[in-house]
Structure formats: structure tokens, C-alpha cells
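Working notes, beginning with the structure itself.
Chain naming follows the written order as A, B, C, D and E, and within any one chain the residues start at number 1.
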Amino acid sequence: MNSAMTLNSLLLPGILCPLLLACLMGFRTTRALVLPLTPWAALPALIAACLLTPNEARWHFPGLLLGSEIGLDATGQIFLLLTTLLWTVSGIYARSYLRQSTRREEFYVFFLLSMAGNFILIVTQDLFGFYFGFSLMSFAAYGLIIHDRSAAALRAGRIYMMLTVVAELMLFVALVVAAGISGATTFEALRVGLAVMDPADQNLVILLGIAGCGIKAGLFGLHVWLPLAHPVAPAPASAVLSGAMIKAGLLGWLQLLPLGLIALPDWGEVLILLGLAAAFYGVAIGLTQRNPKTLLAYSSISQMGVMTMAVGVGLLMPHAWPLILPAIAFYALHHGLSKGALFLGAGLARSGDYRQQRRIWLGLWLPALALAGAPWTSGMLAKQLIKSHTLYAPAPWDALLPLLLSVSALATALLMARLLYLLRPAARSSAAAPVAGLIIPWAALLSVIALIPWWFTAAIDTSGMRTESVMDSLWPVMATAAITWIVLRLDSFRMLQPVPAGDILALWTRAFQRFRLPLDPGTFSAAWNTLQARMKIHLTGFIMAAKAKLDQTEDYLSRWDVALLYAIIMAMVAAGISIGFIGINTY
Amino acid sequence: MTNAFLYALAGSGLFVLGLHALVMHAHVLRKILAINVMGSGVFLILVALARRSGETTTDPVPHAMVITGIVVAVSATALALALMLKLAEKSGQAVLPDKHGD
Amino acid sequence: MLQWAFDTMLGFGLLWLAWRALNSSDLFKAIVLFIAFGLLMALAWVRLNAPDVALAEAAIGAGLTGALLLAALARLGAMTDQNVSGASAYPVPSAQPPAGSHFSRGLLILLLSASVAGMAYAIWSLPSYATGLSMDVAAHLDDSGVGNPVTAVLLNFRGYDTMLEMMVLLLAVLGVWSLGGLQQQPEKPVAAVLETLSRFLTPVFILAAAYLLWVGADAPGGAFQAGSVLGAAGVLLLLSGWRPRVRLMQWPLRLALTAGAGAFILLGLLTLLLEKQFLTYPVAQAGRMILLLESLATVSIAVTLAILFLSVSSGHKEKSGKGEKK
Amino acid sequence: MDGMSGNAWLPLMVVASALLPGLIIFGLPEEKVRLRTVLNLSGAFAKIFFTGWMLWGVYHGNSYEMRMAFLPGLDLVLRADSLSLLFIALSSVLWLLTTVYAIGYLENSPHRSRFFGFFSLCVTSTSGVAMSGNLITFLLFYELLTLVTYPLVVHRGTEAARRAGQIYLTYTISGGALLLLGVVWLYAITGTLEFSPQGILYHLDTTYHPALIAIFVLLIAGLGVKAALVPLHGWLPEAMVAPAPVSALLHAVAVVKAGAFGIVRVVYDIYGIDFAAELGVTGPLAMLAAVTILYGSLRALAQDNLKRRLAFSTVSQVSYITLGVAIVGPLATIGGVVHLVHQGLMKITLFFCAGNLAETLGIHKVREMNGVGRRMPWTMAAFTLGAFGMIGVPPVAGFISKWYLGLGALEAGEPWVIPVLIGSSLLNAAYFLPILHRAWFRDPPDSWPVMRDTARDFGDKETAWALLLPPVITALLALFAGLLASTWFSPLEWVQLIAQRAFYH
Amino acid sequence: MSSLLAIDWGVIAILLPLAGGTACVLWPALSKPAGLISVTGVVLAIAGLGWRIMENGIYRHAVGGWGAPLGIDLFADGLSLIMLIMTALVGLGISFYARRYFSPRDAVRFWPIWLFLLAALNALFLSADIFNLYVTLEMTGLAAVALTALTGRIDALGGAMRYLLATLLGSLAYLLGVALLYHDAGSVDIATLAQRIQPNAAVWTALGLMSAGLALKTALFPLSFWLPPAHASAPAPVSALLSALVVKASFYILLRLWLELFGDFAQGASMLLGLLGAAAILWGSLQALRQTRIKLLVAYSTVAQIGYLFLIYPLASAGNGIAAGMAAYLAFSHALAKSAMFLAAGNLMLFGGHDRIADLDRAVQRLPLTVAAFALAGVSIMGLPPSSGFVGKWLLLDAAMSQGRWDLAVVMIIGGLLAAGYIFKVLGYAFTQAEVPHDARAVPAGMEWAALLLAIGAILLGFMASEIFALIAVDLVVNADEAGTVWTA
């Protein structure tokens, strides 16, 4: 127990490490010292995450913010593991990736800040800590996205920022309303409070919570920033953006929604529909892409759709939630690691000569297959877990969902095939040779991905799905292989025009522009200025006239004869008026 | 009705006549004359009404007051005349200047 | 009835003269009419049983004021190069709009008529019999040290007023002096007849003044009347071209000017010290003290009036002197 | 001086600690830099010391009151209660920092004795405003504040400064006049002006209610000028021609705060919040505050001049205080009152930073700020913290205020406030984030528009220490005020004490 | 001590400057020392008088031992005392200013007249006899006119001429009122009159004449036509005297008459005076705002401030007991502030050779004490706290509000705003640089300090309201058991 406490308490320095390093980066004197450490900033947290005993690690900091609660349950631990692992790998990867960059220090600062935010939002169990971590991560990630300063990056950054702010505010309202009504400060209490809340308030909180976190999680319709932002960032940043940070939205749902407490069928169905839409829509658009990183971003949308759907199922069936939750967590872990590996690999794929490229390309197969849910990969396990729980869903869904999930697996597999096609080794060799600093962390990540199913089969109850699962997960891959073969044969793939990244963004923009017209600050102030100028002219005229009148009257009153006349009048009035008053008073 | 009232009425008439002139005439000298006439009017009222106590016993207090008043009046007149002359010397005319000299 | 008619005539005469004086087309004529008005006023005072006032009016109101006005007019004419005694009724430059142009004259007349009516009504409404303070004066006359009630009021009962009045006179001189002198005008030759007249009249005036001063204790007369007669003598002398010697100009002159005021102040302090009461004379010494005060006041008044005349009529202040032979 | 108890001298000392150095400084020759600095700083430290003493005392239930006859039936009262100490503590700390900053800012510039003299007087009046025990004392110091800030606004002596000064006065003096009218009227009705926890009006007959509403309007209009409630805010953006320390003082410590503080006093201690709600005046006040919040932000959006943008931001932010006060409920009160401190810390940071940019690099406009984060990282880091605080991002203090305002709105059943808060945050983000983007992510220009007249060369350094430390410290204070909001020494904790007093007497 | 207390300080306060003035006439070379000694002596005498009043209650001295109504009584209650203190203190400040201001040649002229003026003012405030008041009023007027014309410049002469004619007319109207009152009630002693007076036609007429005459002398709008040219063209210390003290003299008489004689039955006239006062506030302030020269601005400000004094009438006639206190307070406050302002204006004029507002040219740096004086005095004039002007305005506003006189309250508020407008117009330009910078002449420190100390006095007076009201109240207490001489407000 004691040693467990000690191990648990490693978490705190682990969380604070990136923050501390980020601060130290600020001082010119310590910067040089800190710089070599930054790639390893996530390592303490990773170690802590591994050594942690879930549910026991709990600290209460009443003075922090409005009362902070730090702690982890099993789900949290999985999220933390995923996150720390990805950040560690990306950090190390980035060290070499950005060796040439002039903005390396800047990158690291934002990298560390996002990392800190990401960790904080996972480990805090109170609203404020979560919100703080969420904000820190979101705002700092802007620095990662626009790292290149290319026009595309800046545009992506701008859209990202807008949506982030909107997300922040939605979340703020959701939290304020929930906390205001329930009086809760921790998520645990908040969920309970939300479960018993007046439906109107409840719906508002859930709507805003889903949308606010949904922006981060790439919820269908709010996903537009993702395909813009993920590709433009440097590879290690894309990896954490798509692998780790995107999960913050998911985690937000898990924390906020009264999952497992009450059934919210309407919301559940909404989420299922949105999730499914994203799952297919992401693939459909992704297939058209030519930029592998954009494609990966769409894949993320699609994969997050699956998880969204699972959350929706959870909302439908509170009793099944204890089972669904680990599934979602595992799916998140699987997707995060695979997606991270793919992004990192995509960053590597074009370096070196053909042979080197091919080696890397082959390496990419592992996460690609995992995502496609190929047998004996984490993907298979994850998909099966999810699918098995969908069977408990009420009427249409119990039949529909497993089917759709399988189709989605096929779709994902197709997308991965498309990815591998796009990243296939090129004949011409690139000047940049793949360096060990890039390869090693990537390879480490790959090995983790490869090992995960074997670790987790022990941890997760997978009995009853073992046998059919292999077949079940095999057919999409096989089908994909077939389709790919046909498509390659037909060579019609080339004709496909990519849908612009951000797809429905244009809709948003148009809507926004219509909305913004009357509120445009430029128009506003111009109208204001015109009004002011016009008023000024009138006023000036009036004042001039008044001044002239004033002088004139004073001249008049200053005349001896006039003044004396008034004196006479005054004497008479003073005498007369008093008589009048007395008259009134007397009679 | 004694002559007291008669003179007092004459006094008020003088006061008003003086006032009229004070208003109407621009020349300072006339204004000074007007002030003096007004003063005489006031004195007349003051002394005349003292006669109401009868033919023989007159109230001496208003008399003393008027003597004081006359001396004050002549002092004021002298100052006014001196001022008028000085003003005329500077401005070339003995009329009240307009408003202020700006 | 006859008296009534006379009083009425006198009243209208006063009004008529005042009107003429104020509205005559010629300033010189106006002033002469004003002097006439003053003399008529003196007559009115006599009719009103106010011989003290009549004397003061004749000497100061008509005489000295008239002299001052005439002298000022003469200076003004010389200064502005205008024939002020000529036909020009309103010696106003054309730039100046005629007074009263800013409102209807009718309005003014109306207002003034109303106010005269109001005043008349107010006067009329006063009780027809009132003794004022005459009883109080009579009751305390014996303690005042003088027999003339007017003098008693002036120098004793309300001596404080008189003291302030002396200050007013001094102040007038100071005021006139502070304006700085006028530019020296060439002395005009004095008419021979005036010289003769002054030579003849001056002793008479001095005698008259002494008499008035002396008699003032019990009969009409007193310091102001005496002082103004004496001042008139000085004016006459000045008119005849006499100028005091430079030696006399500085502090003898100043002493004479301040004699009255100084006497009052000293007496005030003295009484305050001795009697604990400001300007309270011991009953026994009252008469003498009043006489002393009056004498000094007479000198001051005379000198003051003469100086005022001199300042207005001609010379520079520094060149001016006292118009008084001791 | 009747009614001087043993504790009476402490409030006086707090006032005197700023007043005396100020008066001495007026007499100092320009070149006595060191003596002036010593005087300034010792005054500031003395004030902090006395404030701390009183904080300790009040926390332990002591009371401090100084009373002295002023008008027939009216005393001048200086009293330290929990609310006044909040404001006092804020002003003492920020005075010290602003003094340091001003010393750095005005190095070698002319008329420093005059400047620091009025500066101290400004703090004196702020202390007086804070510790006023009745409305007449408040009025006295409130108007004094107007007067002593005028020389600071026109300090530069340019035609623009003079005009700004005239505008400043036109607004503030008019406001003061309305306030005076309201106060007199109130006095004519009640015969007392003492601040008291339940207000002084609840016992009045209902026939007085129309008059009381009118008085409320007058008082709020009078205070609203300084608190920059729309449409009385026009002076604030103009007054930004003043030197940076003055802007900092105007916006964060003294002037706008005095107005907001006055609104707090009027609503709670004159009307009493319950009575005010019964009169129905709080609702419109809240609406007005909401309109101001949005309007200020909207106008800020269009400003290119950095200080102007910040000024409009102040217009918006200060009304949070009013909003919190006007919503009936302890939580909203906490949100509003604590924002008094939070906004002060954040806004002073921003103005310090703006001043640093202007003084060091000659940057006055937002569009000149490209890449300035590289040249002046600490300044811009502080600025960033302040900006995020304004947007309401945790853990900076602004979040705490917004949170409590949101909770308070729900508690009071006024959910419309939440969209206002959101709209404001959105707009705040819209006008602050582009600045941050420019500063941190754009490439710096080849040369900075350094002002010709100052020509201070900082060489390799970011800027002078005296200029750099204050914003960094205030930024950290703003950060810790939020991060450590629930500790016993945080403003929030103190404000909860105040709210408790106002609602659970 | 008690022997000191027994001294008739009131008489001393009159005699001392008279003696000083006479001495100046006799020995012109000694003018300045004689003047300063006299003024200082007057201050001491008034202090003695104040002490005596606080110890013994109302001061009454029967001159000549006769007593009213036959003789003349000197009389001082709280109101008179405050007026006397005002005169003494402001006079002292101005005297110390004048010590350095006048050239030797002008000093010889200034000092005796000023001393006579001081004596006249003291006598006026100490008088309880309406005819004696006439004499002191004339004395005040003539001295004031003489001082106005002191520079001999053409604008000063014109101003003085107007002033003289106006003041003579005012005095005559007053004297006619005195005549009517005397013949109606048979006395010129105020206390006796108060017992005997009944509302009738003569009293109405006297009321009309006296209020118009005194209003003319006090320059109540629209009879203020003579004031700006006279006050603006006089030498600075004289302007200060005129604005601070001389206009208060006639105001005091009117107030006295109102409080003791007319107040009970002159509500109508009170309304009229209040109305004109309100008009004066607005008009004077607007005109001040229009001015481009400081001294004219300050002069018009006086026109406006006089308006505040007249607001007391409608407020007092509704039975408010603190009318005297308000009057004393406002008058004192205005005297201090306005004298400081004119002296400061004099300094600025000496400094720059002109008084154009737009060309003040950084006076705030080059003449800080003077600008400070102007500013502090301005604070009081605007009625901003903490200053005596504020307290005065507060009292008025309180009275107005209690009596539901909204109109007056609003006028006062607007007046304050306009005042702020014209004061800060000057102060604003004191910060800026003139288009054509010009050299400045040195201003003696004594002159700067004189202005500043008076201005500080105007501020400090703001903290002495209770003392002032204590003085007024002392007087009421003593009066209570001295029936017959009571004036009740």
C-alpha cells in the first residue's frame, strides 16, 4: 500500500514536468539546459501511468482553482497511457524531425504546453482542472498547427482557433449550468447531478457538452478543422493531435455525460447516427484525398465516429456501460497509437532511397492493418469489443450496428489501402535519409502496437469472441485486398478528384458570412463614424449660433440703459410681487 | 394734508426725473447731474416727511441725515467728475464705453 | 392757503427746473439750471423748517457742486475740443447709438410713471402724523452739550455717522488724487471783476464760516455749513487765480485734510479708553468737545472741498494746494 | 475629531501613507530622483503594511473607524470593512507596482515631481473611496479622484492630451454632478448616508419608491461614468493618451474601479440588495451592464490602436462587476466583486505591457506588433496571460469571475446572462487572439518604430527592469489569483466573506 | 485675560484701519508698513471680537452711549462675525500680495484707499443701523471705485465710471428705502424696526427699492452689467478685493434686511431674487465659458457665484433656519476662492504680460504655485469636494431638495458643470505650449504664496462647517434669552 502510494505519487511530478520545462524554456539561461530534456518530458508521466494503481491514486487540492481533484480510474489510466506514450514517442521523434527547423524552440514550448494540458485534463477529476487542461491543450496546439507558417497552416490555424474558442465556450456553459444546478465540482458528482436534472437543463448541458467536446473529437458536422489542421502540422504534432488530443473530446464526453446512470435514448440515438455518419463520411471523403496526412485526418474522423457511436450505445443502455466503457477506452488506445504511428510513419515515408522507403512502408502496414481491424492486431480486439456490446442495444440497433461496424471496418481497410497506395515507395530517392532519431521511436511505437493485443487479452475479458473474431475481422481485410487489386487494375483511381479538405467548411463559412455581415466591426465603426460626423456638423452649427446669440445678448444686457430698465422693473416687481403674495396668504 | 406730503411727492418726482435722465442720456456729465437730482429727491422725501410731527417740532434726525447725504453726494460728484475728465482725456469722449475694452 | 399755493408752486418749480436742467440742449445751460435748482431746493428746505439743510444745500448742493460741474465742463470742453457750451446738445460721437434705442421709450415712461405712482401711493399711505425720533432727541438734548438738535444728532447722537462722513470726504480726495493729475492746461487770464470780487468776498466768507460754526451749537449752522462756506471762499480765490505756495502743499495741506478725521479717530480712541464707550463724551465736556471737533472738521471740509475743486478745475494734483488762508 | 477609538488611526494612516509622500514630492526639485523614489516606495510599502495590519484585524473581527464632523448631521467616516479592504489591498499592491513601473517609465522625463505627486494623491483618493463609511465621504473622495487624475491625463501637455483631459472632465464632472444630486436627494429623504449592511432605505414608506428609483438612476448614472457604463463610457478610450502608468492606474486601480466600487456600495449598503430587487432597479442595471459588456467588446474589435483596444476592453470588463452586483444572489455578488480585483490585475498587466511596447519599441498599433513576442518575450508572456484571463480561460483569474457570474445568473434565475458572458468571451477572444497571433507567430519587421523623442536604448535587454517586473508580477498575481482561488489568502476567499455579510447577515 | 475680553474689539477693527489710512495720507512714505500693520491689527482685532462673541454671545456696542434708536449701535452676531473674519483674512492675504504687486508710486495711492475700504467694510458688517449702513455702503463704493481706476488705463477708467454710476444709483435707491422705512416706523435701528414694521405700501416700496438698489450693487443678474468691466480691468489685488469682499457688503445688507425685516412677508420677492440668482448662475457661467481672457472669465464667474448667494432667499423664506449659515458659508468660501483666483490671474498676467487663456504656455510648469492656487480655488468655485464651495453647494442643495425646489437644484448642478468647464479651460491651456512661446517675467514668491494660501484656505474651510455653524448657533442660543433683538431665520 505504502509503496503503491509512493508509486502513485509519481503521477504529480510526471504531470508537472512538461509545465515546468515549458516555464524553464522561458528563461534564456535555462533554455539551453532544458532543450535536450524536452523530448523526454512525457516520460515521467508515462512511467507514472504504467506504475499507477487505478482508483487509489486520488488527491484533493482544495486550494487549487475552485477545489481540485486529481485521480485516475482504470479508464483514465488507459487514456493516460495512450497519451503519455504518444507524447513520449512524438517528443523523441520531434527531436530529430525538427533538427533543422529554426522554430524548434517555439515548437517545443507549444509542444510542452499542449502536453501539459493534455495530461492535466486526463488526471483531473474536477471540472476546473479538466477545463483548464482542455483550454491549455487547445490553445497551445495552435502553435503546433501553424508551425509551418504556410498559407494552408495559417488558414487551418485560424479555423482551428475559431472552433476551439467556440468549443471552449460551449463547454463552459455546459459546465456552468451543470455545476450551477447540481452544485458539483467533480465530474463524479456532476454526472449524478446531471442524471437527476430537469430535462430542459439536462438537454442543454448535454447538447453543449456533446458539441463542445465534439469539436475536439471531430464529431460529424464539427469536424471541419481536423482535415485542415492535422496535415499541416509537423508529423510529431499531427501524431499527438490525431492520436492523443482528439481523445480529449472523447474523454470529455465520458466525464460529462451521465453514462451508466440513466438512459438517454434520444441523445444516444443522435450520437449513434452522428457516429455512423462520421464513420462512413470520413472514409468516403478520405478516399478521395491525395495527401496522405489529410487522408489520415479523415480516417481519424471516421474512427472517432465509431467511438461516438459506442458512446451513443452507452447512452441507450446504462446497464451495459460498465462493459462498454473499457471497450471505448481500449478502442481509443488502439486508435491513438495506430494513428500516431501512421502520422509519424507518413512523416518518414518520403525519406531515403527506395529501399529505405520500402522498409518504412512495410512498417506502416502494421498500424494500417491494426486500424483496419486485421486479425491479431489491436484493431481486431477493439472492434470486437465494441461490436460485442452493440448486441445489447435495443431493437433496430442490435442488428444494425454489428453489420454497420463490419462495413465500417471494410471502409477503414479500404482507406488504409488507399493510404498505403499513396505512400508507396517512390522510385526517386529523397535527399533526406531517415535518421535513427526518427526511426527508433517509431519502431518502438510499432512494437507497442504489435504487443498490445497480447497484453490486453489478459486484462480484458475477451472470452466468447475469440473464435469467430478472427474470421470476422479477416473478411474486411480480404475484401479490401480484392477491391484494391481490382481498382489498381482498372486504374480508375487516378481520376478521382479529391474533395477539398474541410469538406463542408464552405457551408459553415457561407453561413457565418451571412451572419457576420451586420456585425462586421468595419462596417459598424464606419457607420458609427458617419453618424458622428453628421452629428458633429449639426452640433457645430448649433453651437456657433448659440455662441453668437450669447454674445449678442450679453452686449444687449451690458447696455447701461437696458440694465437700468431692468433695475426699475426689478424694483417694481420685488415690491409688487410681495404684495401679491401677501394677498394670497391673507385672503 | 400738510405740505410734508406735497414735498415728498415732489421728491419722488425728482427721483424719477433723475432716473429718466440717467437712463436716457449718454453724456456722463448729464448722468452725474441726474444722480444729483435723484439725490435731491430722496433728501426731499426724507426731510419733508419729518414735517409730519407738526409745524413747530421737527424731527431733526432726518435733517442730520440729509446733511450727511449732501456731503456724501458732493464727494461722489467730485470723484465722478474727476473720473469723467480722466476718461475723456484718455478716450476723447465723455460717454460710457461699450461693454469692456476688448 | 397762500402757503399751500406757494408750496405747490415751489414743488412744480423744482420739478420743472430739474427737467430743464436734465434735458436742456446745452450742457452749460443745464448746469446753470442745476445751480438754480439747488437754490430753489434751499428755499424748499427753509419751507420745510430745515434751515440747517438749507444752508448746507445752498453752500454745497448748489454752490460747490455747481462750481465743480462748471469747472469740469470747462475742462471737458478744452479737452475734447468741442464747444460743449455751444449748440451741440448731445456731444456723442456718431458711433454711439443714442441711448434708449434698445427699447421703447414709451415703456420707460410707462415704468417710471408707474413707479412714481407707486412711490406716491406709498408716501400717501404713511400716517399723517409721526414724530419720528424727535421726542428722543428732545429728551436727550440737554445731555448732548449743544442746543441745536440737528447739531446734537450730527455730532453726538449720530456722531459716528459724521465720523464716517469725514472719511468719505477724505476718500473722495484720495480717489481724485489716485486718478493721477490731468494734463496741465494753460492758465487762462482771470477776469478782473472776479479778482475784485474774491478779494472782497473772501473775508466775508471766512467771517460767515466762523459765525456758522459758532452758532451751530444752538442755532442753524455747524461744521458742514461753515466748512462749505469756507470752501467756497477757497474756490473763489482759486477762481481768481490764486495758487497756494508750494511749501504749503505737502504736509500742512495733508494735516488740514486729515484734521477732522484725525480728531474723530483720536477722540474715538480716547473715549474708548476713558469711558469704555466709543465716542461717548462726558456730559460736562460734551459742548467743548463738539466745538473742537467741529472746528477741525470745518477746516478739513473746507480744504477738502477746495482741493476737490482744484483737482477738477485745473492743475495737476502735485501742483495743487490748499485754498485756505490760515 | 470625536469618536476616535483606539483603532481610528489606522484608516487615517492608510490615507496618509499616500498623501504625505505626495505632498512632499510636490515640493521636491526635479533632479532629486533618489529621494523621490525613496519617498514613493516607502509610502507604497507603508500602505501595504497598514493594509496588511487591517486585513489581519478585520479577519479577526476587529473594526477600524475614523469619524470626524464635516457637515451638520454628516460626518466624514473612514471605515475598514471587508469590502473596503478588498479594494484597499488591491490598490496598495498595484500602487507599489505601478510606482515601480512609473519610475522606470518616466526615467529622465520632465515634471516627474508633479507626476508622482498627483499619482500619490490619486492613490490617496482611491484609498478614501475604498474606506468611505458613508456616501458623503465617498462622494468627497470620488470627486477628489476626478480632480487629481486630470493632471495625470494631460501630463504630456500636448494639444491631444489637453483635449483628452477636457473630454475626461466633461464626463466625470457631469457624472459627479448627477451623483451629487442623487446623494443630496437621498439625504433629504433619509437624513442619513451611512453605509449599512441591509441598506438604509428598507423601512421607508412605499410612497417614496418612485423617488428612490429616480435617485438610483441618478446615482448609477453618476457612478456609471467612471465605471464606463454605456453610454457614459466615452471618456475612457480618449483618456488613453495619458502615459502608460496613468492608463494602468485609471483602468485597473483607481478611476473605473472607484465607479464600480461605488455601484457596489450603492446597491448593497445604501439600497440593500433585497430592497433594490424589490424596487425593481437591479434588472435594468444588469441589462445595462450586459449591453456595456457586449458593446465595449464590439468596439474593441475595430480598434487598431492597442491602448484604445484595451480601453474598450475595460469598458466591457468593468461592467462584469456591475453585472455581478445587479444580479441578486450571493454567487453573482462573488463573481462581480471578485472581478474588481481580477480585472484590476489583468488589465494593469495589459496596460503595463502596452506601455512597455510603446516605450521600448515605439509600438502603438496592433498592426505594428508583428513578432514582438520574440523581441520582448516576457512582456508578451505577461500580456498573453492577461489576455487569456480576459477571455476567461482558466486558470487565470478571469475564469473565476466568469464562473461565479454564470453560477450566480443561474442561481438568480437570470439565464440570459450566460449568453452575454459567452458573447463577451467570444468577442474578447476575437480581439485578443489576433494580437497574440501577431506577436508570437508573425515574423518581426526589420526595424521597430522606436519613438524618436525617448530614444532610450535598451540594447540587448528586453527592456528596463522597472518596466518588466511589474507586468510580470501582476500577470503572475492574476494567474495565482485564479489558480489558487480557493486558498485562504485568495481574493475569492475574501470576497466570499463579503458576500456572506451581504446576504446572510 | 478678562481685561482683553472686555476690549471693544469691534470698534478697534473700525478705528485701526481708519487711523492707518489717515496716517498714510499724512506720511505717504509710510504707506506700506502702515497698511500692513493696520491689516494685521484688524485680523487680531477680529480674532479678539470672535473670542468675545464666543464667550459672551452677541456683541452690541452703543456708540456715544445713547443706544438705539436714538444713537447708533454696533452689532455683531455669528453672521457678522463670519463676514468680518472673511474680510480680515482675505484682506490680509491680498495685502501681502499687494506688498509686492504695486510700484512705489501706486502703493502710495493704493494703501490709504484700501485701508479706508477695510474700515468701511468692517463698519458695515458691524452696523445695526440702516442709515449708518448707507454711509458705510457709500464709503465702500467710493473706495472701490477709486481702487478700480487705479491703473488709469482706459478700460479701467471706463469700468470705474460705470461702476461709480451704478453704485451711486444703488445707494440712492437704498437711501430712499431707508427714508421710507424711517418714516414708516420711526427708527433706523434694525432691531427696533423689526419690532415695529408692518407690511404696508411704504414697506413694500422700500423693499422694492432696497432690493433693487442692493442687487444692483451686488451685481445680481441682469444688473451685473457693470461688474465684468470693472473687475476685469482693475489691478489684480483690487479685483480680488472687489469680487471677494465688496460685492459681499451689499449682499450682506440685503440679507440682513431679509432675515430681520422682510423675510416674513416677502416670499414673492424671495422668489424673484431666487429666480434672478438662478439666471445669474446660468448666464454668468455661460459668459465665463465664452471668455478668452482670464480676468474677464473670473469676473463673469463672480456674476455666477453671486447667483448662488441669492438662491438662499427662496430657500430661507420657506422657513429654513440655516439660511444665515449658508450665506456666511457661501460668501466666505467664494471670497477666499475668488480672491485667490484673481491673485493667481494677476500672477499669470505679470508672468506672461497678458491674460489670454489660449497662450498660457506651460504655466503649470513655470508657475506651479500660481496654477495650483487657481486650481484649488477653482475646485471650490466648481463646488467639488473637498472644498468649502462643495459644502456651500451641499447646504443649498440639501435645502432645495428638502423643500422640493428641483428647479434650483438643477440650476446649481448645471452651474457647477459650467464652472468646471471654464475653470478647466484655463487649467487645460496651462499645460500646453503656446503657438508662439514667449519669455516670462519672474513673479515674486510672496505673490504666488499669497494666492496659494488663500486657495488653500478655501479648501480648508470645507472642513470647518461645524465651526461655522457653531458660531451661528451660539448666536441663536444667546438670542433666545435676549428677546427683542432676535433675528430668526
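Simple rule for what comes next: contacts are C-beta pairs under 8 Å (C-beta built on N, C-alpha and C of every residue); 3 or more make two chains touch, one makes a residue touch a chain.
The structure presented is a predicted model; accordingly, all values stated were derived computationally and were not measured.
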Chains in simultaneous contact with chain A and chain D: E
Joint neighbours of chain E and chain A, given as chain labels: B, C, D
Most remote chain, CA-based centroid, reference being chain D: C
Two chains sharing the most contacts, counting C-beta pairs only: B-C
Centrality ranking, top chain (CA atoms only): D
Most widely separated chain from chain A, with each centre as the mean of CA atoms: C
Centroid spacing, where centroids are CA-atom means, of chain B and chain C in whole angstrom: 12
Cα-centroid distance, chain B relative to chain E, in whole angstrom: 27
Centroid distance [mean C-alpha coordinates] between chain C and chain A, Å: 106
Centre distance in Å when chain B and chain D are each reduced to the mean of their C-alpha atoms: 66
For chain D, residues contacting two or more additional chains: none
Residues of chain A touching at least two other chains: 554, 558-562, 564-565, 568, 571-572, 575-576
Residues of chain B engaged with two or more neighbouring chains: 15, 19, 22-24, 32, 45, 49-50, 52, 61-62, 65, 68, 72, 75-76, 79, 83-84, 86, 96, 99
Chain pairs in mutual contact under the definition given at the outset: A-B, A-C, A-D, A-E, B-C, B-E, C-E, D-E
Chain E residues within the chain B interface of the complex: 131, 135, 138, 142, 145-146, 149, 152-155, 157-162, 164-165, 168-169, 172, 175-176, 179-180, 182-183, 188, 228-229, 232-233, 293, 296
Interfacial residue positions of chain A with respect to chain B in the complex: 554-555, 558, 560-561, 564-565, 568
Contacting residues of chain B [partner chain C, same complex]: 1-10, 12-21, 23-27, 29-30, 32-34, 36-37, 40, 43-45, 47-55, 57-68, 70-79, 81-86, 88-89, 92-95
Complex interface listing, chain E residues touching chain D: 322, 325, 362, 364-365, 368, 375, 379, 382, 384-386, 390-391, 393-395, 397-398, 400-402, 409-410, 413-414, 416-417, 420-421, 424-425, 427-429, 431-433, 463, 465-466, 469
Contacting residues of chain C [partner chain B, same complex]: 3-4, 7-8, 10-12, 14-15, 18-19, 21-23, 27, 30-31, 34, 37-38, 41, 44-45, 47-50, 52-53, 56-57, 60-61, 64-65, 68-69, 72-73, 75-76, 79-80, 90-93, 96, 98-100, 105, 108-109, 112, 115-116, 119-120, 123-124, 126-134, 137-138, 149-150, 152-154, 157-158, 161-162, 165, 168-169, 171-172, 175-176, 179-180, 182-183, 222, 224, 301, 305, 308-309, 311-312
